[in-house]
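Each in structure tokens, the structures are laid out below.
One chain, chain A, appears in both complexes that follow, with chain B as partner in the first and chain C in the second.
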Partner chain A sequence: MSVLVRARELIGRPVVTLDGDDIAQVKDLVFDNVSGQVDGFTLNGRGAFAGPLPEALAWEAVYSCGPDAVMIRDRHALTLRDSVVTHPDMSEADVLGSRVISEGGRDLGQVVDVIVLVASVADVVGYEIESSPELSTDRRHLLIPLPDTLSVSGEALIVPEAAIEFVSGDFAEFGAAVEAFRARLRATT
Partner chain B sequence: MTLFSEATGRPVISTESARTVGVIAGFIIGTTSKRIIALRLSKTTVDGDTLRWDDLTAFGPDAVTVPSEAIIVSAREPASELSVEEAEVVGKRLLTDAGAELGIVDDVEFDPATGALQHLITAADRVAGDRLIGCGKYAVIVHAV
Partner chain C sequence: MSWWAWLAVVLVAVAIIVVGFLVVQARRRGGGVIATARRKSRKNRGGPQ
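And now, the complex of A and B:
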């Protein structure tokens, strides 16, 4: 089973053991900036005044990632933060606000969220952008698909020109748009 | 089948003395055995507030019988695999192991002959008791179907 989620919806989601205890909540997502996969989560403690935890949660240790909770087997699933957050990784916070530029040099808009396809792995498949006048006249939020691999600098995000054809305004249809876009890229390379 | 809500307040009577030793105030469940492992009592006339399921004589429709008053233990003694706070299921959110909430546990249906949990009941759902995985401070966890 796979499901598309907005990264921002994952932030704050409780991390719950199979014994039914909420031991943390998602602070941020950590992406591998080459593979485009989610490496894991940094964590906050639970409760209004709880700050960041020294532990993080690697994706391999996630039991399931559901609409209401991230499930883990037990608290041993958490690891030291440094083993999940390695140097070239990017977090959701780094990507938000970045400009999305096409390979042809067109400014498509500004990232407002990251779209993740959650299955056995969690893959970054798109950005939600506040579109520039290049794409639409009314600064609408649009979804833009990403290739299997992406390069992220934190300053600007470069996407293939063909991505523009697969831009979607509809979250429900976006999964199909990503597949079609990636199939097109594979066919042309 | 009996509901927690029906059985709460039922008297616990010693067959030795024919006296009421307390009334049922709550249920402590075992997540491994998926059954009631102890009853929490209130208004006890003896020291102690917990009755182990294995120590009771019968869970009858009008009263729970026990062989003697001495069978009532204190919760400070290790009567359960769980602390009282963790073992209560009613009022907690019900969460699948896939991370989806099913609602709040309103009631539990059990077999009075064995203490086995039959169903966890929410406003919208009846979840089979054998799906139970865990019960903690935050939620009751069940296998997703």
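And now, the complex of A and C:
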């Protein structure tokens, strides 16, 4: 079974062991800038005075990712942060707030959230953007699908021109929009 | 110690606690979505059931 979730819904979610220990909470979601696969999470400690943890949670150590908690077998599921985060400067690599530009050079808007398809693996499949006047005059939030292979290396996020045709304002229908968009790309290559 | 000395000690302690709390909260804030380079081979990856 797969489910679409917004990355901001995962951020702050508690990390709980199967023994019921609430040991951390999700700080950042980390994903591969080419394949879009989620590598894992950086973590904050629990409690008002707990800061960021030196450990991280790799996706393969996640037992289940439910609506209220990320479940792991036990504390040993956590790993060294460096094995999940390879980027030296986290703030530079954060896609929230980045501009989305089409291959045709159109500024489509600014990323306000990232859409993740969660199954046995988790993939980044779209961006939620505050649309530019190029897409809509009222700057509303729209969902833009992404191809299988991403382009997330510079300051702007580049998407194929065809993605504009599959922009959706409806989260419930976005999964179908992603599939249709990717099928279109496969048919044209 | 006179009462004002005790008051000063208490105020300093409260200030330290408040500043510590604010510093920690500032560090905790700013959760994001990080795009990073390929970490390792993706063969035989596990994940949620």
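Heads up, the rule we're going with is that the second predicted complex is superposed on the first by the 181 of 189 C-alpha atoms of A that agree within 3 Å, B and C clash if a C-alpha of one lies under 4 Å from a C-alpha of the other, contacts with A are read in each partner's own complex, and residues count from 1 in each chain.
Here is the rule we go by: a contact is a pair of C-beta atoms (placed from the backbone, for glycine too) under 8 Å apart; a residue touches a chain by one contact, two chains touch by 3 or more.
In this text the structure is predicted, and so the values were computed from the model without any measurement.
Asker: Should A:Cys65 be classified as contacting the first partner (chain B), the second (chain C), both, or neither?
Answerer: A:Cys65 contacts both chain B and chain C.
Asker: Please name the chain, chain B or chain C, that touches the greater number of residues in chain A.
Answerer: Of chain B and chain C, C contacts more residues of chain A.
Asker: Just checking: does A:Asn44 make contact with chain B only, chain C only, both, or neither of them? Give me first, second, both or neither.
Answerer: In the superposition, A:Asn44 touches chain C alone.
Asker: Applying the document's definition of touch, where does A:Asp19 land relative to chain B and chain C: first, second, both, or neither?
Answerer: So A:Asp19 only meets chain B here.
Asker: Let me test your reading of the model: by the given contact rule, A:Ser83 touches which partner, first (chain B), second (chain C), both or neither?
Answerer: A:Ser83 contacts chain C only, not chain B.
Asker: Name the contact category of A:Ser120: first (chain B only), second (chain C only), both, or neither.
Answerer: In the superposition, A:Ser120 contacts chain C only.
Asker: From the superposed pair, tell me which chain A residues show up as contacts to chain B and also as contacts to chain C.
Answerer: Shared contact residues on chain A: 63-65, 71.
Asker: Provide the residue numbers of chain A that touch chain C in the complex, in ascending order.
Answerer: Residues 7, 11-12, 26-35, 37, 39, 42, 44, 48-52, 59-65, 71, 83-87, 90-91, 93-96, 113-114, 118-122, 124, 150, 152-153 of chain A touch chain C in their complex.
Asker: Going by the contact rule at the top, pick out the chain B residues touching chain A in the complex.
Answerer: Touching chain A: residues 31, 86, 92, 95-101, 133-141 of chain B.
Asker: Would you pull the chain A residues touching chain B in the complex into a rising list?
Answerer: Answer in residue numbers: 14, 16-22, 63-71.
Asker: Would you pull the chain C residues touching chain A in the complex into a rising list?
Answerer: Residue positions touching the partner: 20-21, 24-25, 27-28, 30-39, 42, 45-49.
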